[in-house]
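Below: the structure, in structure tokens.
Which chain is which? They are A, B, C, D and E, in the order written, and residues in each are numbered from 1.
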Amino acid sequence: NEKVTFGTNWLAQAEHGGYYQAAADGTYAACGLDVTIMQGGPQVSGRPLLLAGKIDFYMGGNMLQAFDAVQQDIPLRVVAASFQKEPQVIMSHPGQGLDKWEDLKNADQYIIGDEGAQSFFQWMITEFGFDPAKRVPYTFNPAPFIANKKSIQQGYVTSEPYAVAKEGGFQPNLFLLADYGFDTYATTIETMQATIDKRPEVVQCFVDGSAKGWYNYLYGDNAAANAAIKKDNPDISDEQIAFSIEQMKKFGIVDSGDTEKLGIGAMTEERIQSFYDKMVKAKVVPDDIDIKKSYTLAFVNKGVGIELKK
Amino acid sequence: MQEKVAQAPASASGKGPMLLALRGVGKIFSNGVTALSDVDLTIREGDFLSLLGPSGCGKSTALRLIAGLATPTSGLLDWRGSSSFDRSNIGFVFQEPTLLPWADVFDNVWLPLRLKGVSRAKAAPVVMEMLARVHLTGFENAVPRELSGGMKMRVSIARAMVTKPRVLLMDEPFAALDEITRFKLNNDLLELWQDERFTVVFVTHSVFESVFLSNRVVVMAARPGRVFREIAIDAPYPRNEAFRTSPDYAALCRQASDVLIGAINSTAGPHHDGH
Amino acid sequence: MQEKVAQAPASASGKGPMLLALRGVGKIFSNGVTALSDVDLTIREGDFLSLLGPSGCGKSTALRLIAGLATPTSGLLDWRGSSSFDRSNIGFVFQEPTLLPWADVFDNVWLPLRLKGVSRAKAAPVVMEMLARVHLTGFENAVPRELSGGMKMRVSIARAMVTKPRVLLMDEPFAALDEITRFKLNNDLLELWQDERFTVVFVTHSVFESVFLSNRVVVMAARPGRVFREIAIDAPYPRNEAFRTSPDYAALCRQASDVLIGAINSTAGPHHDGH
Amino acid sequence: MTAIEEHALTLDPEEARRVRQERLERIGRWLLPLAIMILAIWLWDRICVWNDIPKYILPRPGVVLQTLFDDAGLLFSSLLVTLKITFLSLLLAVIGGVGLAVLFAQSKWVEMSFFPFAIVLQVTPIVAIFPLINIYVDNQTTKLLLCAWIVAFFPILSNTTLGLNSVDRNLRDMFKLNGATRWQQLRYLRLPAAMPYFLGGLKIAGGLSLIGAVVAEFVAGAQGQSSGLASRIIEAGYRLNAPRLFAALILISFTGILIFLVLSLISHLILRRWHESALKQER
Amino acid sequence: MTAIEEHALTLDPEEARRVRQERLERIGRWLLPLAIMILAIWLWDRICVWNDIPKYILPRPGVVLQTLFDDAGLLFSSLLVTLKITFLSLLLAVIGGVGLAVLFAQSKWVEMSFFPFAIVLQVTPIVAIFPLINIYVDNQTTKLLLCAWIVAFFPILSNTTLGLNSVDRNLRDMFKLNGATRWQQLRYLRLPAAMPYFLGGLKIAGGLSLIGAVVAEFVAGAQGQSSGLASRIIEAGYRLNAPRLFAALILISFTGILIFLVLSLISHLILRRWHESALKQER
């Protein structure tokens, strides 16, 4: 079996379930891949490894970075989108005059991570008038948010709300960015053009395996995957995993819209174009990027694994 | 100042009131060396007492004990008459120059006065006078490393005297000076002593110097360091070049010398056997 | 060793081949002090030359120049006869003890041999013998701070002699020692010198010592430091206690003393006016 | 004997004060720091209670202690991973720092030429250059070590260089006179003389290599099961498991103090015979 | 005069060698470091070319330099922001480090009691405690300063403490004898004596406060529009804009070297009259 490495952008968690599932239950192995999952972290960036050819696939956050790559002449391609919706939410305290999306910009403090600040926050600034001076970095510890009732904070709909509810003792308001127009694909699979050219079968196998993995993880027996996740990240709790899965289903993060017909991982040209246009309009990206270079649809939209959905 | 009044006129053997008594004083360092053993010694106000003895016999240690820089491991120091003797009335010339390396000569001599709150301007005349006394006029702005060995020692002497202390402890102050300058400074010191009547404990290696200066010479022996003999120098003050050439002086020197030889020969320990 | 053969029998005034000549040597430090000015001096092999002079007249500086630790700002040093004189043949006793504070007495004395590659075991007998000579047997394991001032100086002397150097430069080596020990060491040094016939340049403040030891006494004057007069001490070797009490010795001492007084009085500068 | 000593006490009040103080000091030396530590912990507890600080922000010390016990297995195995990196990187920092300092001491040229690179290493944010390291270094431990080393080596280098240049001039002359080779001068004079400075740098580097190990892991990420305390901190923070986060921090703190104490002891043992900073004031 | 000197040269080859070497050294002192620097940059360029390293991983120096020019406005205004934090935090590190060292020097008790807290500060990862700082500190500059200070103060504290404890015993005795108060002893003896150690610590802290300022910004974030170099680095990293990232890094490196040179100069000026490390070897 060919050895490949897939770099994630966070410590192992349910949001990576599909890959762990496919690695654990032999789905990748079935089409000839021996996949190693290299977990990331808040200050860990695996993308340079992908650029340097040290790893084969990397988990992208959203499409913006793929656009950046084109702008910098980097032959990087998005080959599949595991999340149809950006799971990123903005959380606020209920009853603080921050209950509507339009009001959020009035918060005292926006707790936004560095990566967020470079992507969706730019869009929030130009599109909705958020004040960049109010941003403080999110060090991936939600305590300051809970402590400051007038603050808002970024989070994954699958993750932070659980911790906040459990420890803060209240249900935060959740504003899914996707619902307000940030309709990028998320948790993409990125690879280099060279890999696509030289080893298309490997890419295909990884994309297909991942799709199957996601179906199995969401709808089948995911015990092995969860065990693998907990092995990599012993701090995570079963409750947290259960919550994440439930949220992914509830919000249709992985499986909704186009995936009904095209299968998990689906991407469409129209959607990417429309997102790009929005971002251009919001002046987040320049208008002269040839975004066709940022992705390829050659490996997705084949309905692979749909049959596994129960 | 008061002492001057209370004091009997200049006399040879110490007749002043007792200033300090060492009673059975011993000092054993933590490495086991017995530097002093059972030393009894009385120092009277106005004394000019010399300590004479072979190298390593505990002279410096005795001086440090008197100054309160070290404590005896046995016995006691009895500062009777001035039960809580103020140690800032002591002037100390260390065996090594002990100057502040970052300060120039002026600042080094000014230091004791500065510590007593005397401003630079106020101290200047006194400091300059002391520097002139030790022949260092013109070197006020030199730092210690720019001085010769003897010059450093002279700065140290000037510093000890600048406060006009009541008790002056001097550890081989003139050892690094040529004999002529040494004689001059000897005379200066004696003059000053007679005028001000402070108390001097003077460590020296020179029999001649000790006899010329002091009214009492205490000869020490080594291993363990102890008082070997005390010699009263009953020659009258003032002493001057005439005294230096007198037969009395020669006789006293011979006597002191003999005692010193006795002290050295009495020294236990293997290292003198060969000689 | 060869010198011993090549050398005429022990004589008073230096008749050996020239070892080194200082020709018009001057030294001005970067702070502007003229330490030496136009010094002419010839040192012959087998000489025992004493430098005598007031404090600060440049004796130490001259020694450092000879050792190559400093370079003259004018004039030159002429090591004729041994054009590239190997400086590791020089033994130097610094004015200050200059010991390694972290090493014990044995290691400090061993050091020069160690630097020449002599192992501890091989060096031990030599080192112990040198320590015995300076009366420090039993203190091998003490570190410098546990020693008295005189003891430190003796360690330094032992260290300079342990390599049996051809040229021995000594900067007031015995200043911190009592007269009796000093006499003993004087005798030892002379004996050694007569046996081995090395060359000694000896800085001292003691007229007596210089006359007793050397075949030539060079008296220096200060400000600027210069050679004031040279006195040949024509008394025959070996010299011993008999010489020390002879009228010849006394006369020579008086002569040297007078020259020294002359040198001191000839010193320019303001600081001697007041006295 | 005691009678005499008591007599001495009445005679010299200053002396008496000194003796009393010495006795006190001997006890206080250990008791007081402990008391202050306990006081600080108590204060922490009180502050939490007085200000109603919720446990997800700053848990009370009791809770943290409990967590330290409960999660001992997890935390201590992580500590071990971090400690491994810490000690290895400290070792490398010593080798690298002293080695470079010795090199720099050879000549002003070398120092002026290569010191800038050392400074560049010191001031480059690891986060920024880690991607490069990540690309060109394969072994995870090597990556971590490199990062921690970059953080820790500079104080040793800087202090040792200072020490090597602070050798007493007369001693240097003495060596020169005895025809010491460069190496001998280094071995027998400059290195021993630089010892106090080096040991001072070592005490700084001890803490830095610990924090360096933690930071390295922050940046380089955990590797599978054997993840160190940084991973615990990140995940505990993300999951709002403040007690565990603080338990990990406490563990780091105590490790830091322990390292410092050990290095201080080593320093004391090496210097106690001759250097002022380690000498007992003998009176 | 020259004739005599030349004569001396022929007479003493060692001397001749020394003079020649001195002359060389005077030139080489500035030329050589420059040459090495240029060589290093050339090597960087060659490595990029030889190994075909794409510019988005490691851009060639020319490209970086170009970017430095093109983005000069942006980068230098960011540098200014970072420098402000750097100098303020260095100032605070000096005040805090020396202040604490003086406090610790007052008594072994105080030192033993409070040094552990200093170590805790040194070894606590800022990322981990930033949430706490964020909650209880409102002012952004204060947050940044606090973070940078935590990174920079320890070397000054540690070295100054060492220096204050390394005072020559005889000098201490001399002060005691002259009835110096604690304050006088500190002012006139211990502080001047600690100077070389303190200045050594300062040189370490200079670089650390720069890196501290960068790390602080990484953790605490930019200050509205006026974001420092850290933000530039993050942004460039995220945007995969390697040339700008390296331009920012180069700027940090040169700033670090400059700070070091300035601190070295200050150190030299203060110590040159008396301390071995700064004395010109006079021969």
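Just so we're on the same page, a residue touches a chain if its C-beta (ideal position, glycine included) is under 8 Å from a C-beta of that chain, and two chains touch if they have at least 3 such contacts.
Chain by chain, the UniProt names read as follows: D, E = ABC transporter ATP-binding protein.
In this text the structure is predicted, and so the values were computed from the model without any measurement.
**Q** If we define chain centres by averaging CA atoms, which chain lands farthest from chain B? Would you check?
**A** That would be chain A.
**Q** Could you compare the number of C-beta pairs in contact for A-D with that for C-D and name the larger?
**A** Between C-D and A-D, contacts are more numerous in A-D.
**Q** Between chain B and chain E, what is the gap in Å from one C-alpha centre to the other?
**A** So the centroids are 49 Å from each other.
**Q** Centroid from C-alpha atoms only, then distance chain A to chain C, rounded to Å. What do you get?
**A** That gives a centre separation of 85 Å.
**Q** Starting from the mean Cα coordinates of chain B and chain C, work out the distance between those two points in Å.
**A** So the centroids are 28 Å from each other.
**Q** Whole-Å distance, chain A centre to chain E centre, using C-alpha means?
**A** Here the centre of chain E sits 41 Å away from the centre of chain A.
**Q** At which residue positions does chain A touch at least two other chains?
**A** Within chain A, the residues that touch at least two other chains are 43, 45, 47-48, 52, 139, 141, 143, 147.
**Q** Residues of chain C that touch two or more other chains: which are they?
**A** Correct list: 29, 68-69, 96.
**Q** Could you pull out the residues of chain E that touch at least 2 other chains?
**A** Residues 57, 127, 131-132, 135, 168, 218, 237, 275, 279 of chain E each touch two or more of the other chains.
**Q** Quick check: in the complex, which residue numbers of chain D touch chain E?
**A** Per the stated touch rule, the residues are 25, 28-30, 32-33, 36-37, 40, 57-58, 108-109, 112-117, 119-120, 122-125, 127-129, 131-132, 135, 154-155, 158-159, 162, 165-169, 196-197, 200, 203-204, 207-208, 210-211, 214-215, 218, 230, 233, 237, 245, 248-249, 252-253, 255-257, 260, 275-277, 279, 281.
**Q** Can you list the chain A residues touching chain E in their complex?
**A** 43, 45, 47-48, 51-52, 65, 68-69, 71-74, 114-115, 118-119, 132-133, 135-137, 139, 141, 143-144, 147-148
**Q** Please give the residue numbers of chain D that touch chain C in the complex, ascending.
**A** 168, 170-171, 173-181, 184, 188-189, 192-193, 195, 273-275, 279
**Q** Considering only the defined contacts, which chain C positions touch chain D in the complex?
**A** Of all residues in chain C, those touching chain D are 64, 67-69, 86-88, 90, 92, 94, 96, 98, 100-103, 111-112, 114-116, 143-145, 163.
**Q** Spell out the residues on chain E that touch chain A in their complex, using ranges where they run on.
**A** So the residues of chain E touching chain A come out as 54, 56-57, 127, 130-132, 134-135, 140, 218-225, 234-235, 237-242.
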